[in-house]
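Got some structures for you, see below.
Look at the two complexes coming up: chain A is in both, with chain B in one and chain C in the other.
And now, the complex of A and B:
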């Protein structure tokens, strides 16, 4: 099928990847105070890792072959230790009254969220330009 | 005589002739492949010959492919929006991009149709 809007394949992949990143950030913020997960341990911060993928599948869709599009390679756990808070009355407190909290840093997550949001915005701007280029093409030859 | 036939004849330099005698004239002068004319004149009695596949590269064929492509894109966009409504794993931007792609494709098709109609009207204004 014809590829009518330029930049569509890469930009769609980037938008997919960035929305996955926002999902992960929202999960980190939502679980910032979760002290017990399914394994009985505090929540561990997660982060996405992106990779390039040759657009072989999308080349059939009209995009130029050889272009690389981003995609989420994996969602990995952050190994840094979490913070310990003295709360003797907490059900998850250890013998010394210390509670292990997740290693989520809200400020770090907010900064990551801004980066994800701006990257998303940049990709949308590319898409908008591609659309406007296609529409300008359509006005070739008009009086 | 339809517009596509007229345009083809103008392009290939043969004189405008009444629709009934178009095939004989063209095959006599040898400037237009008879198969293409048969396809373009398929609606006219006596012009179609069974067993001949119309060539894919004719303008009418290209236009047909284009309409089918636009239709497919519209279908994809409608499906994406439906999936989005139904809570399937389609993100908002995917649905919007599919809709926008369908929109631009449709505009391209309308532009081609406008050009074709302009050519036809130009021919109709021709002084003979």
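And now, the complex of A and C:
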């Protein structure tokens, strides 16, 4: 394919990865109070793990490093325990009246969300710059 | 004959600079893309290439200018900001990216100006 805009591959991969991360964060926030999932247990917070499509191992051997695109390696469950709240009237309360809530911390999710959306914006800025460079290239020799 | 028109050091220099700026844009874009990737080390134009380009531009040597190939390498001077070992600083990358784009504008206008001068010499008309 004709590659006019430089760096399109890594930037689109990053936009993709960041939007997956935003989706997972929104899922965590949406389920912050879900006490019963399909397995009958409270919702467990999920987290996106990033990795490089190509590791920079080559660079360590002295060869030129490749331009690497990030990708989502996996979406992992956070094993931390959730909070228990005393709500004897709740349908999911145990014998002592304690209800297990998900291990989602809204403040943590909001902070992660800001990082993810800022990173997304930064990649859009890169794309914009690349586009203007391509347009300038096309205008070489014109008046 | 016509090759001589395109082998002026300033024209060749602008061309090499454009190549280098395009490669640098790709490197900076990869850095921004991997801003959240653990253990990623930022890359940039290789210092050895920068030195070669500068000396070739300074000596106005057409032969060495036309053979220069831009290279990237891992930036050894960048230090990780946090414990995941990633050496990308988002603000720094975006500032560099903006400068790179601006420099690209300058170089494309240099190339256009060189071509316009040639056209003026051939046709005698400025437009």
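What we mean here is this: the second predicted complex is superposed on the first by the 130 of 143 C-alpha atoms of A that agree within 3 Å, B and C clash if a C-alpha of one lies under 4 Å from a C-alpha of the other, contacts with A are read in each partner's own complex, and residues count from 1 in each chain.
Methods note: a contact is a pair of C-beta atoms (placed from the backbone, for glycine too) under 8 Å apart; a residue touches a chain by one contact, two chains touch by 3 or more.
All values derive from a computational prediction rather than experimental measurement.
Superposition model on chain A: chain B and chain C are shown accommodated side by side without a clash. In the overlay built on the shared chain, the residue A:68 is in contact with chain C alone; chain B does not reach it. Of the two partner chains, chain B is the only one that A:19 touches; chain C does not reach it. Once the two complexes are overlaid on the shared chain, A:4 sits against chain B while remaining clear of chain C.
Put chain B and chain C next to each other and count what each touches on chain A; the higher total goes to C. Once the two complexes are laid over each other on the shared chain, residue contacts for A:95 go to neither chain B nor chain C. Once you line the two complexes up on chain A, you'll see the smallest CA to CA distance from chain B to chain C is 9 Å. In the superposition on the C-alpha atoms of chain A, the part of chain A touched by chain B in one complex and by chain C in the other spans residues 141. Across the interface of their complex, chain A is touched by residues 69, 72-73, 91, 93-94, 97, 100-101, 104-105, 107-108, 111, 115 of chain B. Listed in rising order, the residues of chain C touching chain A in the complex are 18, 21-22, 25-30, 32-38, 40-41, 43, 46, 71-74, 90, 93-94, 97-98, 100-101, 104-105, 108, 111-112, 115-116, 127.
Chain A makes touch with chain B in their complex at residues 1-2, 4-5, 8, 12, 15-16, 19, 124, 127, 131, 134-135, 138, 141.
Chain contact summary for the complex, chain A toward chain C: residues 6-7, 10-11, 13-14, 17-18, 21, 50-52, 56, 59, 64-65, 67-70, 115-116, 118-119, 122-123, 125-126, 129-130, 132-133, 136-137, 139-143.
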